[in-house]
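We just call them A, B, C and D in the order they show up, numbering each chain from 1.
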Amino acid sequence: MKFKAAEADFIEMVKEKIGGNHFSQYIGIDIHRIAEGEIEATINLLDNHRQQMGFMHGGVTATLADVVSGFAAYTLVKRGQGVVTADLRVSYLNPGVGDKVYAKGYVIKAGSRMHFCEAEIWIFDGHGNRIDIAKSSSTMVVI
Amino acid sequence: MKFKAAEADFIEMVKEKIGGNHFSQYIGIDIHRIAEGEIEATINLLDNHRQQMGFMHGGVTATLADVVSGFAAYTLVKRGQGVVTADLRVSYLNPGVGDKVYAKGYVIKAGSRMHFCEAEIWIFDGHGNRIDIAKSSSTMVVI
Amino acid sequence: MKFKAAEADFIEMVKEKIGGNHFSQYIGIDIHRIAEGEIEATINLLDNHRQQMGFMHGGVTATLADVVSGFAAYTLVKRGQGVVTADLRVSYLNPGVGDKVYAKGYVIKAGSRMHFCEAEIWIFDGHGNRIDIAKSSSTMVVI
Amino acid sequence: MKFKAAEADFIEMVKEKIGGNHFSQYIGIDIHRIAEGEIEATINLLDNHRQQMGFMHGGVTATLADVVSGFAAYTLVKRGQGVVTADLRVSYLNPGVGDKVYAKGYVIKAGSRMHFCEAEIWIFDGHGNRIDIAKSSSTMVVI
């Protein structure tokens, strides 16, 4: 699915916002791809990110989903506009094991008032197979 | 709504689990009330918890909701059982401003296979009025 | 929680809309209480409303939740405005048995752009005890 | 994504269940493809399916999503087991106009206790372009 950014310099817009996103930086989310309506990121799982069973905490998963989805929506708005999450749903498909987690957020329906987004969170197991950790859907409101 | 814990020492069970929950401790969630099917917690908002507009990051909100809901469900299971989040939906009602955030998670339907939970996240404004920041609903699976 | 209708004749506004809502009438939803930010309705369960195990079909439950929530939001908008469901989540708490089902929808946060709503669906068992069938949360957008 | 049915005659199993699903038949859902972890259906939109603005009622959309997702999960269980919806979330992407609506439900993660499903609901506009009406995600529990 392809969407059109409102501003030619949407990549710069996103990079400026990332700098001010304290919590995202605090937990170490690295956004490494910015495209129209799509964001990809990774996080290196440290002990601080885990829950009592050693798996990635569901809050880290939700944060990743929120960040890549919100910025995916943000790539499509005009300079001066912002995006806030109205609602976020995360389905926890498999335990988050391993050391490096991948996330992709993307817009599934763009609008002037709202953007509907999804995000996928996954790892690779020891054999290089992708294991899905979570899938999210969200309603992002343009303000 | 009242539920019955399976174990008399459910408060001890929860306290043991909290100790191993790295991410929850890392971001400073303080669980201060443990009852049958109900958990209350607070978090002191630091700069690290905020997004680019200075509000509590949606990931912190989701983490709070997940923690108080998951532990609320955990108060009802037998020793040796665990609880994992199958699905979490968060509605972001108002921006998370201020310095101290309150959270309450509770079971709305208990079952042998699943517990359905809700959580409320709020602050108090300068006049002592409660402002709702978020409401969540979740499906917690007993394992 | 109390909200303020934008129009004095919001009850008339809702009644006019109900008349044009074919599907709601087709399956027999009876809206019997209209208040500011709150709607109550009932449905008499017929065989047509059931699934293969004899319980109320999850689609009927979702329809009830959507109708009472959407109209609850609609009580708060100005004449000429409308409300559409952006997102609806239903938690199915207990099987829908029995002959008469009750539903209540209410706004939990009103706004100029969006209304966040919840709905409760329940029955009474043979002893007059309320059994919760479902709980929903939804994001309603003002257009 | 590919899943494996537990029973060789899973298509027969689904067809037997469809016969008993009164509400699904009442509103005219036609399931025309049954595969392992995947169900496709259509519905001819009649006036009875519409809301006050002439669009497909959100309850019909939710019912379609629930039916194709639930049966998609049901293709994977053993004879004698059943599937119930624990939670269903529907994002309403575009108004449901037109006369024929298409739906596809599919399992995104299969498990012994739960199946996570998604569903897509769409129409074709006058030029043969697919327009997405809704996307859903759901947690289906094996009983």
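In the analysis below, a residue touches a chain if its C-beta (ideal position, glycine included) is under 8 Å from a C-beta of that chain, and two chains touch if they have at least 3 such contacts.
Note that the structure is predicted; figures quoted are calculated from it, not measured.
Chain centres were defined as the mean of their Cα atoms; on that basis the chain farthest from subunit B turns out to be D.
Two chain pairs, A-C and C-D, are weighed by contacting C-beta pairs, with C-D ahead. Rounded to whole angstrom units, the spacing between the C-alpha centres of subunit A and subunit C is 33.
Between the CA-based centres of subunit B and subunit C the separation comes to 28 Å, rounded to the whole angstrom.
Subunit C and subunit D have centres, each the mean of its CA atoms, that are 22 Å apart. Shown for subunit D are the residues in touch with two or more other chains, namely 86-87, 89, 91, 116, 139.
Of all the residues in subunit B, the ones that touch subunit A in their complex are 17, 19-24, 26-27, 47-53, 57-60, 62-64, 66-67, 70, 82, 84-92, 95. In the complex of the two chains, the subunit B residues touching subunit D come out as 86-87, 89, 113-114, 116, 137, 139, 141. Those residues of subunit D whose C-beta lies close enough to touch subunit A in the complex are 89, 91, 93-94, 108-109, 116, 118, 132, 135, 137, 139.
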